[in-house]
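What follows is a set of notes on a single structure, which appears directly below.
In order of appearance the chains are A, B, C and D, and numbering begins at 1 in each one.
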Amino acid sequence: MKNAIIIGATGFGGLGLIEILLRHPEIRIAQLAARRDTGKPISRIFTHLEGFCDIEVRKPEEIDLDNIDIAFFSTPDRAGMTIINDFFNNNIPVIDFSGDFRFNSIEHYRVYAQNKGMDDTHHASDMLRHAVYGLPEINAQQIRNASVVGNPGCFSIAIILGLLPAVEEGIIESDTIICDGKTGVSGAGKNPGEANFYSQRYENVNSYREARHQHIVEVETLFGRMRSPQIKIVFVPQIVPLNRGILVTAYADIREGINSEKVFELYSEYYREKPFLTVTEQSPNTTDVRGTNQCRIKPMVDERTGTFITITVIDNLLKGQSGNAVQNANIMLRIDETAGLMAPAFYP
Amino acid sequence: MKNAIIIGATGFGGLGLIEILLRHPEIRIAQLAARRDTGKPISRIFTHLEGFCDIEVRKPEEIDLDNIDIAFFSTPDRAGMTIINDFFNNNIPVIDFSGDFRFNSIEHYRVYAQNKGMDDTHHASDMLRHAVYGLPEINAQQIRNASVVGNPGCFSIAIILGLLPAVEEGIIESDTIICDGKTGVSGAGKNPGEANFYSQRYENVNSYREARHQHIVEVETLFGRMRSPQIKIVFVPQIVPLNRGILVTAYADIREGINSEKVFELYSEYYREKPFLTVTEQSPNTTDVRGTNQCRIKPMVDERTGTFITITVIDNLLKGQSGNAVQNANIMLRIDETAGLMAPAFYP
Amino acid sequence: MKNAIIIGATGFGGLGLIEILLRHPEIRIAQLAARRDTGKPISRIFTHLEGFCDIEVRKPEEIDLDNIDIAFFSTPDRAGMTIINDFFNNNIPVIDFSGDFRFNSIEHYRVYAQNKGMDDTHHASDMLRHAVYGLPEINAQQIRNASVVGNPGCFSIAIILGLLPAVEEGIIESDTIICDGKTGVSGAGKNPGEANFYSQRYENVNSYREARHQHIVEVETLFGRMRSPQIKIVFVPQIVPLNRGILVTAYADIREGINSEKVFELYSEYYREKPFLTVTEQSPNTTDVRGTNQCRIKPMVDERTGTFITITVIDNLLKGQSGNAVQNANIMLRIDETAGLMAPAFYP
Amino acid sequence: MKNAIIIGATGFGGLGLIEILLRHPEIRIAQLAARRDTGKPISRIFTHLEGFCDIEVRKPEEIDLDNIDIAFFSTPDRAGMTIINDFFNNNIPVIDFSGDFRFNSIEHYRVYAQNKGMDDTHHASDMLRHAVYGLPEINAQQIRNASVVGNPGCFSIAIILGLLPAVEEGIIESDTIICDGKTGVSGAGKNPGEANFYSQRYENVNSYREARHQHIVEVETLFGRMRSPQIKIVFVPQIVPLNRGILVTAYADIREGINSEKVFELYSEYYREKPFLTVTEQSPNTTDVRGTNQCRIKPMVDERTGTFITITVIDNLLKGQSGNAVQNANIMLRIDETAGLMAPAFYP
């Protein structure tokens, strides 16, 4: 068994890791740490864990890096960059959940931070050259040997997986892709603010940060390596009264002569070996992937208008966050990529 | 007081009319009719109406057209066309909630019917030349004198109102407009099918009829009168776990030199005299308009990509259906356009 | 028109008052005050009010008591007691939403405060002898002449109205009544704490403060005047994933020989003149009364076990709070008791 | 591996079994059968199963009983009784989800059927003497050797487990116990009727079949064996806007001298060896047990009124249905009782 430490264990990201690792055949939870709610078992904070995980939550200062094989930083933006050096110096590979290590270039980080309205100085900028963008479907080789993996943003994962075959195969004509995102509220965490209290959210849909969401730069950076002129992303995220789930609908001009049948074949072939990807001709439901690490994509062409459309669903807390992180960890620890991640969901 | 008859009183459309007319200062409910649940008070079917409206629901054969000033057909597709003649011959103006009278041309009706998977023969095709598209913000003059008004589809209303100033003022460069719609389930009515039971819907988002929704032809027909070459609409509707509300996000290429400030001014000016339209720089919430006949629009430009974006919210059962119908009725009966429709919503 | 001031305008209680008074034929909103979010229009805080109510929210120090006919304190516990004297000295009748003025005796207040875990000293204890318990169905005469009305707790209203005829008519045999309450989350206000974020609440039911909820003492105090030996209330409240609505199921031993038919008659007769009370043989729905000032009660007897059961529903924000407060205000200002309160709800 | 057949595979009960057995180390799904939706893979009906379970659903006439070790009848009332003989004659033990085999006496069955408004003749009444009430916490020994197990009603399980220690230890003074139940809608199945569409349910709480729910006779029959005079149950069930989850609050007079501490000890001791039972001093949440086979109970005493109160939560589809059924199957097949049932839930 490999030993994992989770920094930031008391948020939804940390909880997702705990829930997965409790079922994982080869990784065990060695230590939990957090800033708040320390000195008591995690099952006091998340009562459903009682009897399953009663490990005490430590302060960051109290952790012990001996015998740790992998570290998960399920911490907010700008937390990981202040502690990364300890882990790097101890040769402990790190998977960070924030934007701190999603970019190799300080310029890209700055755009990200500015879009999020944060301080844009990076306190571990020398580590950026080691950072690997943690999307296994595209970067498995680099992830395997990485010391620092930046786990992607949840929307980024859905957008990239939904468009990757089309961008790489060059079937998109336009330089701009429209991405319309819908997300559940759990992505905002355990303390998502007044707009996401039950009374305020249960019957409300609204958009936010239209065309300036921080995940745009992630997607453009990645696609920028693949195609010139660079693709620009127009992304409008929307919050819907949903707990778990992301659905992204993307639109672009299609190269002439390509129809729904062809894009279905192209996508099916592209993702044939990817264990968590399903290409489908049915309209996917967020419930199809809820509670799992799967991603389902319906690619199609509206021939009447020459428009390429893909609809992509993931569970924002799993393939969009902790599931993807464990997939990364499996690769980094030379475990089967799907270990601990292949259970069917409960429905309804 | 004017006398109204509601055919199809036992669905959500009929209920919406009842709830509005109970507060209306100049229109009273004279008769209620429906196919099912007849012979008992409407308050047995909708128990919250007890004490407010206990009128008995009649069979269609039992209605009496004497002294009726206006008729609402809150009936499904293809019902209105079989009874319209009686009303027309009695000089009773009709507002129909289905697609039966939204088109002047039989060809457009056929596209509509085929997209909805229905029989496409029209049993009152001679009435189509009398039909007026019932969107008061654009057709008030014709509505005033109409004998048959086709109340628009709920998505059509949100799409058209969100784009109308831009299309009419010619600031859209592209021939295609992307419309991404999110709707609550109440639009599917009281018996919306297995996918919309609480257990199946509460945590699910899914798309349906992508790029072939029946409202596309409504929008294209209307915009076709205004601009050449004709604008094509790419419309992907999505159902979210919401009861009431529609939010449509539309995307198009913007003419060079136009920024967010300019489109905000243009929209504000265009809708200045429209009592139910609000142009806003804030991201609108579906709860802003829930329970009202209002429509709120946020127009903006993403200058980085040259993309025009509008976000439009309505209550699908009110401005998207029965509220809009009463607005039409007010105009047809020479009553103040806002009568019975200007109350603030309850929140939360 | 009478002039009202609302202190605590930026919470759900204040909002409820605003929404009702905007439709009220004889009371207008003269001033709004609050501790936070001052200096801007209320429609910036509750965006759905834009165009309906754009009055600026003042600091409590900035209010002006000239020409004020009635004051609503929609403030938390222990706020009203610090400002009541100003209003009393200016002969402005006050309706307070908290527990500050629900009791005539300092002992009862102390039990209330202790059960809620608050400081139990009362800073306006000399005012308690003027305080009238603001339940119009039982206290209309005293309310008419009151200078200070304590608007009851939402659960108290549902419990009392559901049991009042039975207690007063003496058909309950036992000295203990079991009250099982279910409430939506809006009762906890705009900032209800971590347990009521959408993700945490949407699929959770839990009980809290079992048998020690602060409303017990209100009910026992009231019933204590009517019956000896005093009735004791066992009350277990539960939060369900609901926004608006309270349903209370009460159980007690029934006097022999009384069946469902008899209690139905007794209740119907008792509430015959009460405009907001409906006695029904159908199982009531919270949606029957949502958005209204109504209370619906189903009284029944399980003859097999000799158990009296009543099921009572109200909208916790209306009959349970601001609707009841306006009903009190109508009585105090010699306006028709139902003014501004008789609209049917919107459904669904 | 043991082979299981599921009759009634296309409902939520069947689905629950499939989801559990896919993770089960010692039972595999051999065949699926149902009345409707036959001839296609189960993953076409429940799309989230794609890739996890693509077994074709057969008609009941097409099943093959060779090599079947256990049969689950996740069928509606009155279906199992028509097919039980085939299985009995082939020595295949059966676990039935309906009320068909929950009683040894035809009289009890009749009360059950009448309360549910069904035909009360039993077409396999000779099998009733073989029937074992399938609650492992009380009947493990008989279940082990049973040929026919009647899996209890979901409410019955919550009520019985919540009261069992108190009834058996004789600490309840009264002959009547009040049970107030709250349930999510998934218990009503995939086609729960108009009242449970999203629009109708999302903001509604209502009671139903007050004091005449069909599960009362199950509980009284069971407790009747333990105590004389027989305990009577007053049970009022309520539906809340919840998908999964049951919370039952029970009230009875407590024997003098017993306080919260003592009942907590008594309950803790009583359930010490039961793997799925947790006795807690915290107010339990339905989310604590959602997605699991657990039951959590908070027993307490309100000394002020002499009232014993227990609050019990289960997942109605798991410990309340298919989880409990697999627990029975484990016992019948001499597998560890917890096999396949011990995973922690996902939250939120």
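Observations, loosely collected:
To be clear about the criterion, contacts are C-beta pairs under 8 Å (C-beta built on N, C-alpha and C of every residue); 3 or more make two chains touch, one makes a residue touch a chain.
Because the structure is a prediction, the values reported are computed rather than measured.
If you take chain A and chain C together, the chains in touch with both are B, D. Taking each chain's centre as the mean of its CA atoms, B is the chain most distant from chain D. Put simply, the C-alpha centre of chain B and that of chain D have 46 angstrom between them. A separation of 39 Å divides the Cα centre of chain C from that of chain D. As a whole-number value, the distance joining the C-alpha centres of chain A and chain D reads 38 Å. Among all residues of chain C, those that touch two or more other chains are 12, 184, 186, 199-200, 202-203, 241, 243-244, 285, 287, 290, 348.
Of all residues in chain B, those touching chain A in their complex are 176, 178, 180, 182, 184, 199-200, 202-208, 210-211, 232-234, 236, 238, 240-245, 247, 249, 251, 283-287, 290, 298, 300, 302, 304-307, 309, 311, 313, 348. Taken in their complex, chain A has these residues touching chain C: 12, 184-186, 190-192, 194, 196-203, 241, 243. Partner chain A is touched in their complex by these residues of chain D: 12, 15-16, 19, 22-23, 46-53, 186, 202-203, 243-244, 278, 280, 282, 285, 287-292, 343-348.
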